[in-house]
Each structure stands twice: as C-alpha cells, then as structure tokens.
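Which chain is which? They are A, B, C and D, in the order written, and residues in each are numbered from 1.
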Amino acid sequence: MKRTMVFGALMAASLTAGISPAAAGSGPIKIVLAEEADLLEPCMATRSNIGRIIMENVSETLTELDVRGKKGVMPRLAEKWEQNTDGSWRFHLRHGVTFSNGTTFDAKDVKHSFERIMSPKNACESRRYFGGMNVAINIVDDYTIDFKVDPAQPILPLLMSLVTIVPEETPLEFIREPIGTGPYKLSNWTPGQQIVLSARGGYWGEKPQVTQATYLFRADPAVRAAMVQTGEADLSPSISQLDATNTKTDFSYLDSETVYLRIDHNIAPLNDVRVRKALNLAIDRQAFVGSLVPDGAVLATALVPPTTLGWNPDVKVFPFDPDGAKKLLAEAKAAGVPVETPITIIARTANFPNVTEIMEAIQAQLQDVGFKVDLKFVEVAEHEGYYSKPFKEGRGPILVAASHDNSKGDPSFTMFFKYASKGTQAGFSDPKVDDLIQRATAAVGDERAKLWSQLIAYLHDDVVADVLLFHMVGFSRVSERLDFKPTIATNSMLQLSEIGIK
Amino acid sequence: MLSFIRKRSLSSLISLIGLLVLVFFLSRLTGDPAALFLPVEASAEMKQQFRELHGLNDPLLVQFGHYVGSVMTGDLGESLRKARPALDVVLEAFIWTLWLAAITMSLVAVAAIVVGSLAAFRSGGFFDRFSSMISLIGASVPDFWLAIVAIVVFSIQLAWLPTSGTGSVLHWILPIAVLFVRPFGIIVQVVRGSMIGALSSAYVKTARAKGVKAGPIIFVHALRNAMLPVITVMGDQAASLLNGAVIVETIFGFPGVGKLMIDSILQRDFNVVLAAILVTAIAIFIMNVLIDLAYALLDPRIRH
Amino acid sequence: MSLSSTDPLIIPEQPFLKRVFGMLWADKFAFVAAIFLIIVLVLAVIGPDWLGELAGKQNLRGRNLAPFDWGREWVYWLGADALGRPLLARIIVAGQNTLMVASGAVVMSAVVGTFLGLIAGFSGPRVSQVIMRLADVIMSFPSLLIAVIVLFLLGSSILNLVAVLAITRIPVYLRTTRAEVLEIKERMFVQAARVMGASSRRILFRHILPVVLPTLTTLATLDFAYVMLAESALSFLGIGIQPPEITWGLMISQGRQYLTNAWWLSFWPGLAIILTTLSLNLLSNWMRIALDPVQRWRLEMKGRKNG
Amino acid sequence: MADHLLEVRNLSVDFFTAAGVVHAVRGISYHLDRGETLAILGESGSGKSVSSSAIMNLIDMPPGHISSGEILLEGKDLLTMAPNDRREVNGKRIAMIFQDPLSHLNPVYTVGWQIREAMTTHGMAQQEAEAETLRLLGRVGLPEPEHAVGKYPHEFSGGQRQRVMIAMALALRPDLLIADEPTTALDVTVQAEVLALLKELQRETGMGVLIITHDLGVVAEIADRVVVMEKGVLVESGTVREVYKNPSHPYTKKLIAAAPGKGEMHRPAVKAEPLLVVRDVRKRFGAFDALKGVSFDLAAGETLAIVGESGSGKSTLARMLLRLDEPDAGSAHWKGRDLFKLSPAELYKLRRELQMVFQDPTQSLNPRMTVYQLISEAWAIHPDILPKAKWQERVAELLVQVGLSADHMGRYPHQFSGGQRQRIAIARALALEPRLIVCDEAVSALDVSVQAQVIRLLDQLRRDMGISFIFIAHDLPVVRDFADYVMVMRKGEVVEMGTVTQVFDTPREAYTRALFAASLDPDPDVQAAHRAARLERAS
C-alpha cells in the first residue's frame, strides 16, 4: 500500500516535470552541476559549489566584476563609490531594493553582512579575503556607507564583489534559507536531489528570461553531458573534454584554473635554480595541448590568467629543450648538487581533468632528461597537508601538482598566498618578492599593474619559482534552446540573468 | 521469541557500540576537517576558529565524552558541512537506499530462485551451464563500467530511459538493473547448490513416489528446504546494499546513504559518518532479526 | 545402499602429476581454465621485467589507438591507452599487481578468518562470543568506508590495500568456518579422534580443517573476483592503487571516461578480470571434486577413458 | 493366463559408477499377485532395491540405465508408458514406503499436508482429502489424529513417523505397496507393531505387498514368498518356508547360517577382580532424565552387553565412560581411579586403555584420510607407543589381524565395504593396545553375514588379548553369541542384569520378555508360533 503511494507520487512528479511550457523567450531551465551544494549560505558563496547557485542569483554584492567585457568593477547594489581623502571607501547604495522577504535594503544590511562574515561565531569563508585587515564601518546615512580599512586597500571595491548582502535580521550562525536581493529566491531544496530557484517579483533590475532554474547534481561528467543531450537538463557548465563532441552545444572556455607544479625550494636539489630551470625545460607543454589538455588551453607564464591585471605578455614560456635541461643538470651535478635524489610529485586524484595521465606524462618527460621522479597520488586532505604550511619536517624534494583559480582580475588574490614568505603555499622566501607584493598590493592604477608585471617576470625568469603548466579550458554543454556562453567566471558563478532562452 | 530478540539486541548493541567507538577514533585520526571546509588560502586563525566552533580543539577523549553525552540524549550532533542535524541528513538519504535495496533484493530473490532452481533441476545440462556462466560473468563485471554502458545504451542510444536522477519509476530501472547483477550472480549459485542437495534428498523421492509433478517438486518440496542457506546469503547481500551502493549512487545521482557516507568521510564530516553507520547498522540488525524469523517460518524444526 | 561400496575398488596409484593431469583432462572446462591461469600467472611473474618498459612508453601522438591493427607491433594489437601506451603490454604488466593484491587479500582474509572461525567454533562460548562480535563489527562496517578510513590513515600502498581488502573479507571466512566447525565437531570421526586422546589442535587442524577446506576454497575463488572488483571500485573512488602503479581495476577505472570514444581502454582489462574469475571458478569446481577422495573417481574414470 | 498384478521380466539395470559400469541387477524376473506378500531378500549391494526403484521410476538416468526387461502392471509395461501416465501410476496404483521415515518425510510441511498432497495430486478435492487424512491417521493408529495433522515429522517418534508414511501410501488405496526396509531403523517392539499393521491393512484392502529387506526375521514374519538376491542376480525363489528349510543356493545357505542367536552361549568364569566399577551414574539433558543411576562391574577379559531400545540411555552411558559427555553424578573407577575425576593430562594417558568402536564406520572414519593415516594417527597422538619407523609395519600387522590385507593401507574408507570399514575402525582401536573396547552398536549397521564375521573377530580378540568389551546393542539375538553378562536398560534404568544364560533362558522381567517376544526369528515356523502367542496375549 505504502509502496504504491510512493510510486504514485513519483509518477505524478515525473509527469509534471515532463511538461515544459513552450513560451518563447522565457521559461524554466535545468542545470546539472558536478558537485552538490551542501549549504546555501550567502557568506560561503565564494566557494564555487555554493556560489554557482546563489551568487548574484539570490544574494547580490555591492560591486561586480565584468568578466565578459573589460569594464572592470561595475556597480551592482552600490551605484557608485569613491575613495575618501583618508583612504577609506564610500559606497552609495542603490535605492528601492528589497530583499525577497520584503524588507528594504539599506546601509544597515551592508554593515551587518560584513560583520557577519567577520564573526567568529561562524565559519564564513569569505572572511579570508579580509585577513590581516582592520575594517571600520561607518553608516553615513541609509544609503551611504564608509569602509575604513587598515592597511589601505586600493582594491576594496573589487573585494566588495565577494561580500554577499543579507538582511540585518540574519543570525550570525549559518542559515539554510538564503534571503537576498537577487532576481531569484530559493523555492525548493531537496537535499541530494535538487535545488530550485524561482524568479521573484519586485526585483530592482531587469526581469530575467529564465523564470525558474532547477539544479541537479551528477558526479560523473559523462552523465552530465548525456543529460543535456537527452534533454533531461539544459545546461551543464562542466563536461569532459572527451564528451564535448557536438559543436552546436559544446563550448570551451578558459576556466581560470591554472595548473602548476609548486616547487619546494627548501630542499636540495630543488634549491638550485639550474635544477628548477631544467624541470621547466624538460616538459613538452605544447605536446599536451590538443591531447591530454584540450585545445584552447593556454601555456601559463604566471599563476594568474591573461585577463588579470598586470599579466606580463613579455614573459615567454620555457621552450621544450631536453638537451638544455640535461646540460643544466650536468652543470648542477658538477657543482655538487645532489640531482640524483628522487623527487616526488604529489598530485591529487581528480584534481583536474586527466590529472593522472598528465602527471604520468610529466613524470616520463622528467625522467627522460635524467631526473629521478616518483609520482604519488593522494586525496584532498593529504594533498592539502603537502601543499600548505607548515610543511612536514624530514620531507624529501617535492613537487606539488596543484590547480589555482583566480578569476577576480587582480593578482593580489594569488601572489601573497603563493609567493610571499608568509604565504601559506609559498615554496620559498625571497625578500624582493615580498617587497614587490607589498608594494603592488598598496598601489593603484598603472603603478599597480606595472609592479605586478615586474613580479610575474621576476618569479618566472629569475626565481624560477615553479613549473607553470596551463591555463585550463573547461567545456560546457548548452542546450540549443538556450543562449548562453560560459565565461572565465562560470566556475564560481553562474548568473541566470545572463542566460537567454531562444 | 521476545527473549530471543532481546538477547540478539543486547549482543548487537555491544557490536554497535564497538563499531561507533572504532569509527569515532579512526575517522578523527584521518585528518582535520578545517583544512577541507575552508579554502587553501584560509589563514591559520580562521582554521583555528573553525575548530573552536566545532569543538575539534579538545583532546580526543573529551570530544568522545561530549559525543557520548549528546548521543545519550538522542542528539547525534550536527553536520559540519551542511549545518543541520546529522541524523536528518542520514535519514533522508537512507530512505532512498532502503527502497533501492528492498526493490533490488526482491527482484534478485525471485529471479535467482527461479533460475537457480531450474538450473539445479537439470544440473549439468545446457541451461545450467549457460546460467552459471552468465551469472558468473555478471558477478565479475565492475559495476561502474556496467552503469556507464547501461546509460550509453539505454539512455543515449535508445533513449528509452532517463540517464540518472530520481523522479519517476523509469529513473529506478537502470540503478536497480545495475545493482541487480552481482547479488543475482552470487545467489543463483547458492540456490543452485542448495537445490541440488534438496532435490536429491529422500523426501523428494517420496514425493516422486506419490506422483507429484515436477513443478511442485521443485518449488514446493525442494525449494522451501533449500531456502535456509539462500536466505543467509541474501541477508549478506542485502546488508551490503543497505550499506549503500556507493558507485551506483554516485553515477546515477541517487541520493542514497552510501555516497553520503563516503562523501562525509572524504570531507571529514564525522557526525554524519557516525550517524550513517548507526542508522545502517540498526537497519541491518532489524533485517537480521527478520531473517531469523524467516528461518523459523520456513523450517519448523528451528521454532522453539 | 550406495552402489560404490559394492566392491572395494582397486585403483592403481599413478604418479601425482600424471594423476592431476589426467583428472584435469577429464574436465575440459577446467583444463582450459587451468591453462589460462597458468599463462596469466607466468605473465604476471615475468610481465613487469619483460614488458615493463614498453608498457610505460608514452606516445601522445598515438593516443587511444584502436585495436586489431595487425600491421603494428603485437603489443598494440589490443590498442593503446590515453597516453599511447600499448594496452596488451599494460594488461600483462598490470597482472602482477592485480594478482598480488587479489591473492594477497584473499589469502590473508582466508587464513585469518579461518583461524578465528576454527577457534570460535571449537572454543567455549565466551571466546566465541568475543570473536563473533568482532565479526559483527566488521560486517556492519561498510566495506568501502573501512577502506577509505584505513587508506587515509595508512596511505595508499599495495600492502595497505591488501590489508584493507582482507579486513573486510575476514567475517565471510570466519562465519562460514565457524558454522561448519560447529557441525563437523559433532561428527563421529571427530569423536573417534577424541577417544584416541587427540588434542584440540590436532582435531582442529587434522580432522576438521581438511573437511572445511573445500568450502573455503570455493569461497576464496569467488572472493577473488570480489576483491578484484572492490579494488577497481576503490580506484573509481580515487583511493585505490595509484598511478604509475597499474592494476586491471585501475585500468578499467581510468578507461571508463573514454567508454564512448575508445571502448577498448576499459574493455580489455575488464575482460581480463572476467576471464580470470571465470577460470578460477571452473577450476575450483574441479578442485572440489579432485580434492575429495569420495568424488575423485569421477575425474579419474573420465581421465582414463579419454586419455 | 491372467495377468499378474505385477510382473518383472528380465530386468537389467546398469549404473555408471566408480568402478565403471555396475550391473546393479541382471535379468531378474519375479511376479506378485493381489493379496500376496513377496519379499526381496538381500544384503547391501545385492541390488534388491533397484527393481522397486525401477517400478517407481525413481532411478536417476543418468547415471542409471535400464538395459533390458519390462515391468508389467496388470499386463501394461510401465517402462514404455508416457511420462505423465507413468506419474499417475505412482501413488495411485503403486505406493511406496521407505526405510528412514524421518528423512523421507519433508521436514518443513505438516504430516497432514503431506498426506493430503498424495490425494490432491491425483485430483481429489481438498475437503475430501482433509477428511480422508484424518481417517487414515486414525486407521494407522496415530493418537489424536486431529492434533497430529498439524504437526511436523520431527515431532513424532520413529514408529509414528512410519505410520504416517503408511497412511500416506495407502491414501489412494493402491493395488501394490512397496515397502523398502520399512522397519530397519526401528526398535524391535516398534518393528513388530508396524509389521502387524501392514499385514492388517493388506488383509483389509487386498493389495499386493512387495517388501524389500535384509532381515530373515522380517521375511519370516510377513512374507508369503521370497526371492533372494546376490550381486544383482536373483539366486533363489520360493515360498518362505521352502527357502528357509530347504535352501538350494549356497548364498542362501550362508545367509541363513549367519542369522545370530543360535550358537553356544558363554558361561563366564568365576567373577574376577573388577577392572571397571561403575556406580550410580546419572545424567539429565534439560528436563529429560537420560540416566537414572546405573551401576555395574566389569572384569578383565569379560564382555558386558548393554541392550535397550532408543532412549534407554545405553549410548549416553558409553559416551560418559569415554568422557565424551560429562555425568551429573556417580563414579566409574578404572583400576581404582575415578574416570570422571581425571585431569585432562591423566585422561590423555588413560585414553590408551579405553577405546571405542562406533556404530557407523562410514561416519567414524575421516573420509579424507587413508587407512594408513587413520590407524597410525593413534601413534601420532601417543608417540611413546611406537617409533615412526615401525608404523608401516605395524599397520600392516593390524590390518592382517582384523582380516584385511596390508596393501589396503593407501586407500580411503569409501573404497571399502561396510564390514571392511568396521574392521578398519577396530584396527584403529587396537592400535592403542587398549584394555577395554566399548562397542556402541558396532554391528547394527552391518549385513547379517558381515555382522557374524565382525563378532567372531571381536570374540577372537578377547580370547587372544584379554580385552574387555562393553557391547551396546538394541537387538537381543546379536549379543547372545558374544556376551558374558547382559544388562537390559529402559528409560535410563537397568531393568535386568545377569549372565547371558540367565537373561536368555530365564528372563525375570516382563520388559525383557517383551523384547524377546518382539525380536523376529528367521524360522517361519518359530515366528508363526510367536505371532500366534502374541495374538493370544492381545485378545
């Protein structure tokens, strides 16, 4: 009896789901994602599995980075902003904005949202962007708010694109029903199965074409691709390169993931720059593109993608020069560097597509020039142990294969963590690097760009900080009924309002 | 009967407590959830705060004490990742697993009994050879491989069935079909072996001497006698289904407890792991009691 | 009223090997299976030394080379993998790890499980209770979860993998052995041994164990398949054997994503698993008969007739 | 010529077995008419059951194969019938009962269900079958039929189960009843009752009865005519009296001569110093009083026979003397030391002196050990008896001593016949050079001719080596030729005890006398007299 009831309910659900209104130009869509959102907490929206769903769809931010054009930081909930004479930033808020619970958006909400992020009563991850900063918030009036940051933050408006705004009634603890000012509200969340966002009336901006978005979650890329193909979903932001065979539906995009081997400079023989150079020369990067790494991937010269401020076009990719590598190794050996010591590559299972094959190929290439290389695959937590400080005592020479994501347009989200002496993933300590990072972080405008460029060149050519590999390409499959092109930000954010329905 | 269940409960309780203690300490030794909850760039202070927030800074024994204390009051703690009660998370997922396991096992039972019995009836014959070959091959195919092939064939090429997910009856077909294969292969063999024994037993001779037809001899006389070992193996198979069909759940996007358990340990969401183990262990215990009841039902000699 | 007891049989004793061969010859399926397994075993032993280099030779330009291209070197006859490495060579090389993991896990779990089962079946209720509760704990511990936890704790190496897979299978042998021991220890020949003053150890290992052994052998061969698949499942989850080590399970798991474009990547290692388990099963069916003095004649008769 | 009810003509059945093709029966012919009882007499392996299996279509083919002959039921050949017609004959026209009713009744269905099925299978309506079942159960003498229909086979005693089998067989009033060793596993008193019931029912229905047995006594009690089989060949046939009084074939003569209970009885010498003194042994299993205080003495070189029916406690007593079970109370002093109070180490030493031979040699010999391993194990356990170098030699000696040959050493038990296996078991017991051997039903499972041989062997061992024996049996005639003293037990108590002549010639107790009355005599005339006496007593 009970069984038939359950099945009956399932049947009914499937029938209704099967009928999709054919209204042109607007309607519901289904999106299939790889990883389920375990939380829909606005202050966790900087984590991609959460951000992809709620960022700018449910929860909006004061500013927004233009990833389609080159307009840089654009207004969203803040209409404009300026830097005060004392170095603090003043944001002028948009009028007439309401939250999905009906309350009106004002400066108090912004202050609360920020304080909530910084509160020790929760584990908001957005807090990390404000590490080491003292922020004093001053509400000037209902629609004007001042942020005074010590030390001064030239890129505070950019940082504000990471702070999601919640109503001031929101408790400090994590919530499960996000309330935001965005064009959508959460209308159904069945953990393990689906999350549904519906367009809401009373949104301050333009009415989006997508009236409802149902998010589904499938871990297997082949299944995700198949679902769009069979019409069970309309959009899968990430499918496997192998499945991206239909030019009408499958699009590649630079997905802001940069893959590299982090070198631990503290341990011989990796403390020798010739050895580090030899590593770089030994790898035939170009051979990967179009085979294990999709066509369209860019060989990296910096840990930040080319769209980033201060990216340096003059820095050239190391050529594939096995003889040069052998020569360098021989030199190093002659100078007493223990180049025979086995070097271990630590990689993470399923870190990025084809990680095993790529690492096996790199291992083979390094071995070809005379390195002794072991390859070790570990799971996330163990990988993190190798990647971040404090490093283990008594470790051997290690290369950590990692993938870094900076789609935010400014190297500051990268450089300190990866290269500064105090950076958690820095494999070396160099006073000049520290100095450049410090100066660039504080600089604005062209000065800032110039300093970053300088740093990038110095890291690549002089320090030979790491083995930079590729700016990766992702593939998405978009149903032909949708009008959507993925961007570099699609990994972390998927704005439903940017999706058109044909 | 009641005293039997009471005795069983007690011994199972001991096992369960042992299991929970083991999992509690082992899982906590595998690493720090803070490192996984927070991004790699998070500062040491943030990680510290996170640990503070969830009581992970206390010595293990103190943590254990807290856990035992709250379990006593029926509170299995909160999921670190999902910020909601671990038990809710688990129960939600377990319902799916339960249905999946129940339907799969029912189908397996019927199919394996029919095929195994017929194979035993003409043991050594063509059907016997054929069915044991098929079931053996079935039992040695990796399930993830089978799952993907099934999707490619039935969902993409033939477009008969949805690829994955939940929603309609059709969504259940592929996961069940993939889960079906291995237990079927194993149970067919057991049924066959047990039935060969039963069919050569003296009471079957009596039935033949009475003029009973082949059908009733197989399915009435021999089968009920042959069922005891079959039920034992079915119980084992059902238990492993109840523990979650991790791979099938992962590929088909089925929100069951197996994937939840693996995800939770990957993310070091200890409370969910513990709650999941508790729930499945209790379910398996109940199933075992039911199996014992089935024994007694099938074989009067076991009833006391 | 068994007819075989009519007359004492006089079967001339033949040299051991000849007898075994004769009995194998009598069961053609088992014969083929045995030959296949011997080939697999030999390849597994010599494979890595013989083809190890070739199996690791990458050729990014020859990725996913299709099989049955007889014009190429024989190692490419089954095609090449995503790095252009010859699949046939890789399957042969992977055989060693695969068989080592599977047989290691099976032997370890069988030995430990059987030993504990013998003790549980033969000793007093208290010891038996402790052992059975232990088995319950392992049984109700989802096996993949044990694997994940232990591999996280100890790191993923072949030895640890063997240990993990073994732990999860111990209860199977334990419970089977115990159940059989409980039954066998009431049999007359055990009583007869006790009357002669045989020690418990002697009764367990000389009288009970040989009777349980055929059942355990069957169980172990079935488990062989299980363990290979479990290892493969761990690879699927990314916690099994890690490259550059290879096993058949890992090869299937790696080839799975190419299923629609290059089916051969996962098909051949899958076939290797299936054929190996199938052969083991056929051989174990044969062994059950060959090991049983009461049944052995079936094979010896046929063997003589045919041979 | 009118057709016989059943006529078997020139039937040959082959089996493909270990030794190649075994010709289980070769060209046998016999016939049977309504109201008549024909016995097929033979020992194990004689093929006596094969023809009945062929009649009932119970031979598995392969390995079986009917190579010639026909089986005519009122002139129609069963072997050429269509399978469905053949099946219709079973149960309806010909019914069968078997030796071991416990294993031949389906353990998981109620007896009522099983009897009903015999009828519903052949088309009887459910309700009618139910009523008939009750009537049948009452008819075969089962108490409270209404209650009995709902019970399972294991809830009945052996005799009752055989009654259920009979009820099931007679459900459709068959023309022919085949009874395959119907009383072999039953106690003597129960056996007499069951045979009487069969006779009575035959008179009532006029059916033909084909009884298959190894027991001359059963033949004498129930059959009109008898055919004797040896190794698949029918060697002799005739009326029961003719065959018994005037056997023409040597095999028949041997068989009749081997029947126990005709030799000289022992006259034990003056009571010597007792070797074993058993006093007041008690044992309970749950609520069941297995032994209620048993005492006896045994001297060196003496044989004590313990006789009793199932449940008398005789085997429990034996097992306790060998410490396979622990008694609740009592003592058993062996050369002055209480067996029940020995430590494991002391017990180990004592094992050498006390040995046991079990009922069923098939089960008491480990099937996976060779004869050499089986016998030499004794010395592996007690290494001080014999150095390993001499094992081979000694095993050969022992084998010869028990009447086997030395080259049997490398074989497995299943390659021997039942009697040979029991000899191996005896050789194994002798390997330890014991002072006392407890034989628990050691000859019950053996054919009569083999029984006699084994008893002769034991008797010889006693004389030659001065070994004492405790000889447990359920049948009185068997112990007559062998025992010095006889102890009759019933329900855990000693009913009567005395020298063999005392007990056999002048039994004091009614129960002992009842046992004598129930045991069947191979002589049809004697048996007829017994029967008459019994009827007289009953009326």
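One rule holds for everything that comes next: a residue touches a chain if its C-beta (ideal position, glycine included) is under 8 Å from a C-beta of that chain, and two chains touch if they have at least 3 such contacts.
For reference, the UniProt names are A = Peptide ABC transporter substrate-binding protein; B, C = ABC transporter permease; D = ABC transporter ATP-binding protein.
Note that the structure is a prediction, hence the values are computed from the model and not measured.
**Student:** Starting at chain A, how many touching-chain steps does it take at least to reach chain C (ABC transporter permease)?
**Tutor:** Steps on the shortest route: 1.
**Student:** Count the C-beta contact pairs for B-D and for C-D, then tell me which is higher.
**Tutor:** Most C-beta pairs in contact, of the two: C-D.
**Student:** Quick one: most central chain, C-alpha centroids?
**Tutor:** B
**Student:** Can you compute the centre-to-centre distance for chain B (ABC transporter permease) and chain D, using the mean CA position of each chain? Integer Å is fine.
**Tutor:** 50
**Student:** Roughly how far is chain C (ABC transporter permease) from chain D, centre to centre by C-alpha average, rounded to an integer in Å?
**Tutor:** Chain centroid spacing, chain C (ABC transporter permease) to chain D, equals 45 Å.
**Student:** Centre to centre, by mean C-alpha position, how many angstrom separate chain B (ABC transporter permease) and chain C (ABC transporter permease)?
**Tutor:** One centre to the other, that is 23 Å.
**Student:** In whole angstrom, how far does the Cα centroid of chain A sit from the Cα centroid of chain B (ABC transporter permease)?
**Tutor:** 38
**Student:** At least two other chains touched by the same residue of chain C (ABC transporter permease): list those residues.
**Tutor:** 152, 259-260
**Student:** Going by the contact rule already set, what residues in chain A reach two or more other chains?
**Tutor:** Chain A, residues with two or more chain partners: 222, 379, 381-382.
**Student:** According to the definition already given, which pairs of chains are in contact?
**Tutor:** A-B, A-C, B-C, B-D, C-D
**Student:** List the residues on chain D that touch chain B (ABC transporter permease) in their complex, please.
**Tutor:** Interface residues on chain D, with respect to chain B (ABC transporter permease): 56-58, 87-92, 95-96, 98, 100, 103-109, 117-118, 121-122, 152, 154, 165, 168.
**Student:** Inside the complex, what are the residues of chain B (ABC transporter permease) that reach chain A?
**Tutor:** Spelled out, the residues of chain B (ABC transporter permease) in touch with chain A are 30-32, 35-46, 49-50, 52-53, 79, 81-84, 89, 92-93, 96, 99, 148, 151-152, 155-156, 159, 162-171, 250-253, 255, 260, 266, 268.
**Student:** For chain B (ABC transporter permease), which residues are in contact with chain C (ABC transporter permease) within the complex?
**Tutor:** For chain B (ABC transporter permease) paired with chain C (ABC transporter permease), touching residues are 11-12, 14-16, 18-19, 22-23, 26-27, 29-31, 133, 136-137, 139-145, 148-149, 152, 182, 186, 189, 236, 239-240, 243-244, 246-247, 258, 261-262, 265-266, 273, 277, 280-281, 284-285.
**Student:** Report the residues of chain A in contact with chain B (ABC transporter permease) in the complex, numbered from low to high.
**Tutor:** Chain A reaches chain B (ABC transporter permease) through residues 6-7, 10-11, 13-15, 17, 38-39, 41, 46-47, 120-123, 125, 127-128, 131-132, 173-174, 176, 191-193, 216-220, 222-223, 226-227, 229-230, 232, 379-382, 384-385, 387-388, 413, 417, 424-425.
**Student:** Which chain D residues qualify as touching chain C (ABC transporter permease) in the complex?
**Tutor:** Listed in rising order, the residues of chain D that touch chain C (ABC transporter permease) are 15, 17-20, 22, 24, 44-45, 49, 231, 322, 324, 347-348, 351-352, 354-356, 358-360, 363-368, 377-378, 380-382, 408, 410-412, 414-418, 420, 425, 428, 432.
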